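Which chain is which? They are A, B and C, in the order written, and residues in each are numbered from 1.
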Amino acid sequence: MNKIVEKQRLSELVFKFVVEAPMIAKSRKPGNFVILRIGAKGERIPLTIVDSDLDKGTITLIVQNVGASSGKLCALEAGDCITDMVGPLGKATHIHKPGTILAMGGGVGIAPLYPIVEAFKKAGNRVITVLAARNKDLLILEKEMREYSDEVIIMTDDGSSGRKGLITDGAEEVIKREKVDECIAIGPAIMMKFAALLTKKYNIPTQVSLNTIMVDGTGMCGACRVTVNGETKFTCVDGPEFNAHQIDFDEMLQRLRAYKNEEDLARKK
Amino acid sequence: MTDYSEILKQERNAAWRAELRNAVPNKDRINIERVHMTEAEPHERIKSQTCEVNKGLSPDQARREASRCMDCVNPTCIEGCPVSINIPKFVKYIEAGHFLDAAATLKEFSALPAVCGRVCPQEKQCEAKCFYTQKIKKDPVAIGYLERFAADYERESGKIQVPKVEKRNGVKVAAIGSGPASLSFAGDMIKFGYDVTVFEALHEIGGVLKYGIPEFRLPNSVVDVELENLRQMGVNFEKNFVVGRTASFEDLKELGYKAFFIGSGAGLPNFMNIPGENLNGVMSSNEYLTRVNLMYANQSDSDTPVLRGKCVAVVGGGNTAMDAVRTSKRLGAERSIIIYRRSRDEMPARLEEIKHAEEEGIEFMNLANPIEYLPNAEGRVAKVRLQRMKLGEPDASGRRKPVSIDGDVVEIDIDLAIVAIGVSPNPLIPACLAGLKMSKWGTIEVNEQTMQSSIPEVFAGGDIVRGGATVILAMGDGRRAAASMHDYLKNRYNL
Amino acid sequence: MINLKTRFFGFELKNPLIVASSSLTADADKIKAFAESGAAAIVLKSVFEEEIINEYNQIGESKSASHFDEFMDYFDYKIRDQVLASYGRLIKAAKEVSKTPIVASINCISAGDWLQFASQVQDAGADAIELNLFVMPFDPTRRAEDTRRFYIDTVKEITRRVKIPVAVKISSYFSDLAAICHELDGEKLAGITMFNRFTSPDIDIEKEKVIEAGTLSSENEYLLPLRWVGILSPRLKCPIAASTGVHEARHVIKMLLAGASAVQMASAFYKKGPAYIGEILKGLEAWMDKKGYESIGDFKGRLSLTKAANPALYERAQYLSSFGGYAGS
């Protein structure tokens, strides 16, 4: 159950896993995620489903090694089993055909952006994708993104690939030169906050996919709660995607730090 | 339909029962003091999440306590029991020393007697209706302790009676959720000969029994034995399966499932929606208890963290609030405080839990209600502002309504707040079933007798129907649903 | 060109006519009609604590919930959330159909309960909040000091919590009405409306039961607010609106002369509908024209306590000698 059939290293800290999960592969839609656990005392962590293969009955996950739990997953090899995996969770992306889509993917956020780019392209939209990473080694899925984008713009902090600059620089250039009907931005929370501020200036409807803390993933505990348009929503069942201009990002960023002390302690162990 | 009271009368007239009654005069029975449950010492027990507080009765204690029961002609205790357990019969078996027979009697009515003996609010149910309470104003027979004794005895003896299971009839049914409602549903359906699969969204089976109720009240080992029994009888359990998401109801029908029991519970946390409730360090009781009970976050080898507080405030007065506040004590809090807007007497928690909490050093701030949480510089909760309350006129539930004392607001320093003000039905499953009639509060509407929903092949019970209720009621629902689903399927498939 | 502008609720109003909180302002269609008829501001139907209590009682009485104290214990919070959510939707719907300012109304019996409501109402887009401080002194244990503290504390808490203007609507049951108003005046309010109106009990002598008296205000009820507008308007910094018994243009003019900045009306619209606004405004303009006034400011407060030629009439409680005898003598 949940056997890893393929493992691939995409960068120093980022790995791609293809996992046996026939039921999830069949039910999943772009934007959905799974919650998984490694080991009897493992933590439940959410990961967006990047791709699936119905014939083979597999799903693809991409994970960055940032802590104890992701580290355990990254240490697994093909042939190992993931202790527990449940999905597909979360509301699927609303795929439609507004015309021109600006997709922004920052760092490991490029992974969850990929299935959405693919779906919007297949729906007949013009898709312009801006990818950003600290440097070219950390830039993932460029080839795959090019397959489903009319244009791909690369931004890196050090200029080692594409242009030197922030993702919002690249995005603003696109917005200034052509009409963008909708924007999707996925990446570190702070990046999504600034992407939202940018698109709000130009009144472009924007969706982001939030990466809050989660425990059960089925709406049971409220750990993932965010304030959207003045109301409390649960990222795991009402999201993970929300209207970017309605999200209280400052509150969300603060809540992401809730376990910082505990995580630091765990890392030291 | 055989009359239950006729059966009770006949059984009472059995020779062994009459002999027992005659062996000791009632006036002697009445003079026996109610048994005191041996409890783990408070200072020691707060060091451990898994040390069960109640230690159980010894066989001698159990027989002596059982002898207090006068085997009334009209056993009013049964009226107090939501599933009408044949209380005099099992109690008299205990008195006679036939402990396994007592356990078997319990299992005719209740799927999980070891659980109910521990968590039922007996003081509002069977023991409230006992002759001792009603007529002579003395402590009732400790029916709950006796139920636990019989169930534990059977479990520990290794001689657990696996009930007779009918020949398989080839019809597949599904239970959604693995809490008490589904477990008792599954237990009956497997006996009727159905192919039963219980689908559970989490990675552990048991629902609230595992993630909600802490081990110092209900050890996991007790629940696991019951689950193993069900497996022995042939019930299948599928973990990590969210019906409606992992596979739809249509998918399951294609796989051959003919009927469904929804026991997905009230797993949606209620918040007060007051300012500051989204600060770090303010969380729902569901989150807190799930981290500790399900994810073992209190243990150093667990990957899941839990926030620990030096001064923890738990808002609420029910069993969940008691569980959360006592857990916080075990996690090292210097002060663990219950904040409840009504008085001590009106707290809905089991009296035993309140007593145990007091012994463990839990502080009770009654007639106080949070109106705002205030942060420190890092965005972590640092204070709570409380409105002092007084009791006004009774409301519809018969309890006096808490009324704010205007201007009387106090602030206390805390670093962790747990909101335990109740739960609502989790909307995830019902949202996946078009045409399922729901109430405006998110509960599934069912026929109260048959537990059948607006969709004929879908039945439901437990908290998803009742809002938040008790384990015993959930179990009663599961059994009723099994009986009527059996009728429904018998007719449809000519079984 | 006659200018009817005035100021209340923290902003400029195009004329002094405010539609008061009532069932007339409970849905978007009716609100739209008032906005289109020229109302200067619309106060939405109040969110009543009673609604929440009734809903709670209904559930409490239902069989299936009767045992579950733990379940029902904080159920009023859930009901409140639902009631507030639907009020938020009403605010949003009203804002969509009307450019006229929309004022949310909170019926306050107790301070502690409504704090978070105020910010939710602000988030939903209300232009201002009217706190209906709804206390009738029938409780023998409740003293004037309790009510005073309740008023002041509630106002302090809510003005602390929201950025939008906060106004209050008060009752007349005060032995120290002037002192209370002065104290409220110090709290940065966007207006004080005098007075709210309680439904009255009446008795049906045939059926021998207590019934509700008619809900609409009658002719002479305007005299009570008129007196107090006259007395208080020159002494308070914050603007005053008059309410109860304002049925015709002449009542509006009386209130303005006494010193009110605006009026709130409901009963007249029950009888005559939103189009009546136009009629009243015409009457106001006609009178102003006749008198040679070009703006409200030209005559507002001319006959208040400090300005009137015979101000003693405001303060005198006794009837004049002309009413001393019987009609026959």
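Following the convention adopted for this analysis, contacts are C-beta pairs under 8 Å (C-beta built on N, C-alpha and C of every residue); 3 or more make two chains touch, one makes a residue touch a chain.
Nothing here was measured: the structure is a model prediction, and the numbers come from that model.
Engineer: For the chain pairs A-C and A-B, which is connected through the larger number of C-beta pairs in contact?
Structural biologist: A-B
Engineer: Please find which chain has its CA centre nearest to the centre of all protein CA atoms in view.
Structural biologist: Here the chain at the core of the arrangement is B.
Engineer: Round to the nearest whole Å and give the separation of the Cα centres of chain B and chain C.
Structural biologist: So the centre of chain B lies 50 Å away from the centre of chain C.
Engineer: Quick one: chain A and chain B, Cα centre-to-centre, how many Å?
Structural biologist: Going by mean C-alpha positions, chain A sits 39 Å from chain B.
Engineer: Quick check: how many Å separate the C-alpha centres of chain A and chain C?
Structural biologist: Computed value for the inter-centroid distance: 51 Å.
Engineer: Please set out, as single numbers or ranges, the residues of chain C touching at least two other chains.
Structural biologist: Answer for chain C, listing residues that touch two or more other chains: 120.
Engineer: Check each residue of chain B and list the ones that touch at least two other chains.
Structural biologist: Residues 273 of chain B touch two or more partner chains.
Engineer: Where on chain B is chain A touching in the complex?
Structural biologist: Against chain A, chain B makes touches at 201-203, 239-242, 245-248, 251, 267-269, 271, 273, 278-281, 283-284, 286-287, 290-291, 295-296, 299, 301-307, 378-380, 426-428.
Engineer: State the interface residues of chain B toward chain C in the complex, per the touch definition above.
Structural biologist: 124, 270, 272-275, 316-320, 346, 348-349, 369, 371-372, 387, 395-397, 399, 403-404, 406-407, 409, 421-422, 424, 440-441, 448, 466-470, 473
Engineer: Report the residues of chain C in contact with chain A in the complex, numbered from low to high.
Structural biologist: 85, 88, 120, 123-124
Engineer: Across the complex, what residues on chain A touch chain C?
Structural biologist: Against chain C, the touching part of chain A is residues 229-231.
Engineer: Which chain C residues qualify as touching chain B in the complex?
Structural biologist: 53, 56-61, 64-75, 77-78, 81-82, 110-113, 115-116, 119-120, 146, 149-150, 153-154, 161
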